[in-house]
Amino acid sequence: MDWNRLGDTFLLAVQQTLYMVGWTMLAGGILGLAIGIGLYVTRRGNLLSNRGVFAVLNLAVNIVRPIPFLIFLVAIGPLTLNVVGTTIGTEPATFAMSLMAGFVFARLVEQNLVAIDPGVVEAARAMGASPWRIIRTILIPEALAPLILGYTFLFVGVLDMSAMAGYVGGGGLGDFAIVYGYRQYDWGVTAIVVVVMVVVVQLAQWLGNTLARVALRR
Amino acid sequence: MDWNRLGDTFLLAVQQTLYMVGWTMLAGGILGLAIGIGLYVTRRGNLLSNRGVFAVLNLAVNIVRPIPFLIFLVAIGPLTLNVVGTTIGTEPATFAMSLMAGFVFARLVEQNLVAIDPGVVEAARAMGASPWRIIRTILIPEALAPLILGYTFLFVGVLDMSAMAGYVGGGGLGDFAIVYGYRQYDWGVTAIVVVVMVVVVQLAQWLGNTLARVALRR
Amino acid sequence: APGSTGGGGSSDDASGDGGTTVTVGVVGAGDAHWDVLVDKAAEAGITLELQNFSDYQLPNQALSQGELDANQFQHLQFLAEFNVNTDSDLVPVGATAVYPLGLYSTAHASVEEIPDGGEVAIPNDPTNQARALLVLQEAGLVTLTDGGSSLSTPADIEDSRVTVTPVDAGQTAISLQSVDAAIINNDYVGEADLTPEDSIFEDDPASAASEPYINVWAVQAEDADDETIAQLVELFHDPEVEAAHQEESGGTAVFVDRPASELQEILAGIEENLRAQG
Amino acid sequence: MTAEASAPGAPIITFDGVTKVFPARDGDVRAVDDVSLSVGAGEIFGVIGYSGAGKSTLVRLVNALETATTGRIVVAGEEVTALPERRLRAVRERIGMVFQQFNLLSSRTVAGNVAYPLKVAGWPREKRAARVRELLEFVGIADKARTYPAKLSGGQKQRVGIARALATSPAILLADEATSALDPETTAEVLALLRRVNAELGITIVVITHEMDVVRSICSRVAVMEHGRVVEVGDVYRVFAAPEHPATRRFVGASLRDRPTPEILARLRHRHPGRLVTVGVREDGGVTTEITRLLREHDVAGTIIFGGISEVAERPFGSLTLELTGADGAVAAFLAALARTTTVVDLGTAAAPLDPPTLDVADADREDTRPVDGPRMEPPDATSASFSTWTP
Amino acid sequence: MTAEASAPGAPIITFDGVTKVFPARDGDVRAVDDVSLSVGAGEIFGVIGYSGAGKSTLVRLVNALETATTGRIVVAGEEVTALPERRLRAVRERIGMVFQQFNLLSSRTVAGNVAYPLKVAGWPREKRAARVRELLEFVGIADKARTYPAKLSGGQKQRVGIARALATSPAILLADEATSALDPETTAEVLALLRRVNAELGITIVVITHEMDVVRSICSRVAVMEHGRVVEVGDVYRVFAAPEHPATRRFVGASLRDRPTPEILARLRHRHPGRLVTVGVREDGGVTTEITRLLREHDVAGTIIFGGISEVAERPFGSLTLELTGADGAVAAFLAALARTTTVVDLGTAAAPLDPPTLDVADADREDTRPVDGPRMEPPDATSASFSTWTP
């Protein structure tokens, strides 16, 4: 890689990726947790079982997830303009990614909550705990280990998704690899970026695995 | 949508998507199950706990997942050529998607297995069941409900991924929406395709939820 | 718009050195000539900020929303389609070059040798796909509905003796090992260990028929007379920039330096045609 | 709480025609079947029954963890069967529950588990810590405070469950098999504690158990369940003294162990070939003086070979099995005289055995505990008729 | 299997200096501490101890579900502590295990759970179905065959666990609290079955329990655990008759219930103000004849007010508490005479009570079950010294 020529751009790409991934993990994580918990608790027979709300959430997730990211980006353009003030660059890309990541994470959260022993939820109900308290103090802690793994999974997905930020001028490492590596047939650049991403993912996964093991009180 | 002009192409796109998604779900599902179970059983303290194998599998998954799909496609080009005989078209796209889907599903599988009550695995061990039998008759059935949800999650991911098959001439619905809708400024076409995909996803998710509820013997 | 015209969302008067900042949308900021241009612009007191896109629709959209001062990634044909389809009035203010689009093959020495039912890869990006189909029609491999147009897609292939597979532009060269022939953007010809001379068929960039494929700088209508942009247009034809660009294109780029008015005329012509087609 | 308090106070829990049906593919399960019952405030109320009789389901209806299919349940003045989930919370906060399967929070330490209901009830942090320590010390697992449930033994888990249920000193305590995993000493301690919180704080306790000994030692009233129905309910001493339903008789027999089982009887006959009789022991225990007197009078020698006198609801209760030796006529006269005072069951001699009167139970419907081939314990007749005359 | 078979056959399970330590942040837990022990082939061997004593861990070492920290364990000739997981499978196939927490497969029906070990053992389909039906009928849940575990009551789950462990008729059965959730009748049936499979098929059974009654009714030998150590091991009758370790004495006392607890004694004194004495009953039960004779001789009136005679390892065992009324001298002479025949514990009168000799136990270290404030049950002295002279 020609560091003199690409060095600054590369560092900028790293910054952009950090920005996009960081905010997406935060916003998408919160959104996903909220929707995922919503899906779980409103499921038939569960804590706040509610057909209507479940159907709406379920539909929303099903609508957003399969839309190709590019089309999704454009489709929410007006919303992005309202919220972020612009439709190109790193911020709007982050906005779209957060939404998409939220809907993706929602399913992961839902999935992990399904495996909780209903006995403990029952114990909390028997003590008069409110649904909100049960969510906060039972559902999340009891499913923490798989939730951490799910969040790590999301991280890798978001990093991957951030490569598509290039479509809206969001830049980032993935875009860097494509623009300066792939399209230039410069496999050296591509390889370096991929290695960087793999190392980051390896670290994240190691962290996730470790935290999950700690959270798994067995 | 101008049916006369696009009808055939649309039907072809549907076929291609069915082909790609079908095979990817099959091959990726099997691959993912295998790797995911591998990750779970070789984890520290588990059935076939083995640091080396775990590290290799973990690294492999971490390497493949963050690579932008376009770069991944090119990177495995030589392998694709060997296996499929060509690098462009629906088949090679399916090949690349299967690999990627497999690595993605692996993490979902691993995550869902982590939540299994170790007591039942212990009961099977106490009866002298072999690790392979435990995997087949305990791990998979006990985690079936979340595994089904995970597989449904994968389905949506694969459908989404199939939109990228266009890069290597794989075609499919996602590509159709982009080429004939988005790029032709024809939001009608885009909308129709998106609606079709959402309906398919809605059905798949409904099926997944239903099967998961049946599998959840509570 | 840059400087005082004040339409550009991301432009401002850089007070520090008295220069001006211009944000230009491009597809493929990785191309070497941009580096040279940025340096040249800096010498002229212009801070040239490149906003890279990987998608071809968005640079125009961003420009018409005023989020860019200019863009430079498309030919007149593509710009016309955008204007017509989205009721916009982006205008070309300068030309860069026109590139030949050639058909290459490692397996066959001529178009005639391509077997019936063979497979031909074409780029799937919108600036090249329709043009590639027209090249194939010219080469006698396909027939397009109504003689084809700059909006043609594989769905418009009426009759064909080969299978046409659109792929990512970067994949066309790579795909040569799998297909009988491929239309390759000249950007990628060198990367595939080919030279433009190896093409078994190409359109003629110098001919009038290639006019719609002249690549241009585009701005919002009210910025048509912007000085800074005009300066950039001029700087693009600086020998150093052209040299860098020529090297990249494998020596096939035909530089075009036509006045804005001519370009706008050509554009108007294409737009009229498009509207007439409905 | 003493057995004398047999008349319940104002009812704090009332079941009124309650049925709970679990739908299932192959036939619905009527886990609770038309139960009407009330538990008085301040009572220790026992629920006993065979495995699968519906005991757990019955108490789970009290705090509405299960919703009744039909019927009304009123708890502390609130009709829980009519309350929405939101309004149930206030009711539940005042009910502690020990779960049969413990249901500990695996993500919290032992101390965290016990602190949980205190947090729900909004106790301040400092008071919480002190209370948790106190409870853990009581149940004897203070040293495991920072351990996670997965690392506890079965009995330790159960003790955490008990501490957790008692934490907020609820008005009602539902204890579902709260001592099933505990050794006798810990069980005795837990039962003593329950008796104490009942006496001192007036907490109403519903004890589900399969051990009649638990009922015997702490309950004032007991309900016996079979197949979802409450087949007998009453004062504990009355139920022991005069069990009416065959299921009750079996439980009483299994608990008292004062009458020889057929197996034991066979061995007794082998060792003592003479005339064997089982004599009921009355409340004041004076029957043995009577026996001594009558033996002397009739010149019959008696050896106590089996049986026991223990307490039921803090009153003496039991029976003794004697081997009598003497002239046939003298023995007969002795038995006749004794029978005027108490119940006498003549078991005959080894040579001419008399079977103890068996239960007239058509219990073929107890399919869920009937063995195919294992020897079946046939509890001897509890001679309810004559005993029942003493019932207070 | 009778109690006479007290000498174990060739050992089938041998522990040799086995220790199991669970590492933990705040101090390691020595769950099993230097245990050496052997279980004879064909024995029914009991393991008893307080909650957390290490019983479950001990048996889990047998089939190597836990790996020993130090020491050697040999099972059926194989040193399981030295075998790799792969080779352990053959050993495990011949060991059935009932888990304290049941560990049922939630994804299989009741029938599927019981069929599972048969599948592992490679039984053909038809034989499997018949065997499953037979087992389910035995444990009394044939009607729940197609139900999933989540819908079972606690006792029903336990019965599935028992059926599953017995399915392949293993050579060794490890039963960890296998009857803790069962009612007395079902317990009796399960114990009878265990006795039968032991007698008929020669299956070696290790029974972990906290109920001394279970030990009393089926075990030939018993090990008592405390704090991970085996503090006493021996023939069951010997252990009951002459418990050596304080923990053992407490278990024996709790099981026999023939001696009044301090609480009961207080009530007895209230009802019977006269002289109270507890008299041990010897193996042949003849002591009561003796009592009758001596009462007559010394002109003392005696009333049996508490106590019991039951069987331990199928032999009579127990004690009776009498109230004596008569002249002081006569009573003293009577007691002196009686003490020549059997153990006599003088409890004094209500006015001048004599406490039963208490245990000389420094049991302050039993912190895990010591209550902070609950009344503590003080088991009376089991008068081991004089009883031990009869030990066979």
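Labels for the chains are A, B, C, D and E, by order of writing; each one numbers its residues from 1.
By definition in this document, a contact is a pair of C-beta atoms (placed from the backbone, for glycine too) under 8 Å apart; a residue touches a chain by one contact, two chains touch by 3 or more.
Everything numeric here is computed off the predicted structure, so don't read it as measured data.
K.L.:
Is the structure still one piece when chain C is ignored, or which groups does it split into?
P.N.:
When chain C drops out of the picture, the chain contacts still join everything into one piece.
K.L.:
Going only between touching chains, how few steps reach chain D from chain A?
P.N.:
1
K.L.:
Quick one: point me to the chain whose Cα centre is farthest from that of chain D.
P.N.:
Farthest chain from chain D, going by C-alpha centroids: C.
K.L.:
Most contacts: which chain pair?
P.N.:
Result: the chain pair D-E has the most contacts.
K.L.:
Just the number, please: Cα centre separation of chain B and chain E in whole Å.
P.N.:
So the centre of chain B lies 55 Å away from the centre of chain E.
K.L.:
Centre to centre, by mean C-alpha position, how many angstrom separate chain C and chain D?
P.N.:
It comes to 89 Å between the two C-alpha centres.
K.L.:
Measuring from the mean C-alpha position of chain B to the mean C-alpha position of chain C, what distance in angstrom results?
P.N.:
That pair's centroid distance is 37 Å.
K.L.:
Give me the residues of chain A that touch two or more other chains.
P.N.:
70, 74, 117, 164, 178, 182, 218
K.L.:
Got the chain D residues that touch at least 2 other chains?
P.N.:
101 - these are the residues of chain D that touch more than one other chain.
K.L.:
Among the residues of chain C, which are close enough to touch at least two other chains?
P.N.:
In chain C, the residues touching two or more other chains are 57, 170.
K.L.:
Just spell out which pairs of chains touch, all of them.
P.N.:
Once each pair is checked, the touching ones are A-B, A-C, A-D, B-C, B-E, D-E.
K.L.:
Across the complex, what residues on chain B touch chain A?
P.N.:
For this pair, the touching residues of chain B are 44, 58-59, 61-63, 65-71, 74-75, 107-108, 110-112, 114-115, 117-118, 143, 145-146, 149-150, 152-153, 156-157, 159-160, 163-164, 174, 177-178, 181-182, 190, 194, 197-198, 200-202, 205, 209, 212-213, 216, 218.
K.L.:
Would you pull the chain C residues touching chain B in the complex into a rising list?
P.N.:
Those in contact with chain B are residues 56-57, 81-82, 85-86, 119, 121, 124, 126, 129, 145, 151, 153-156, 165-168, 170-171, 174-175, 177-179.
K.L.:
Using the touch definition from the top, list the residues of chain D that touch chain A in their complex.
P.N.:
Where chain D meets chain A, its residues are 63, 65, 88-95, 97, 99, 101, 103-108, 116-117, 119-121, 148-150, 168.
K.L.:
Show which residues of chain A lie in contact with chain D when the two form their complex.
P.N.:
By the definition above, chain A touches chain D via 117, 119-120, 122-130, 133, 137-138, 141-142, 144, 215, 217-218.
K.L.:
So in the complex, the part of chain B that touches chain C is made up of which residues?
P.N.:
5-6, 8-9, 70, 73-74, 77, 81, 85-89, 166-169, 179-180, 182-185
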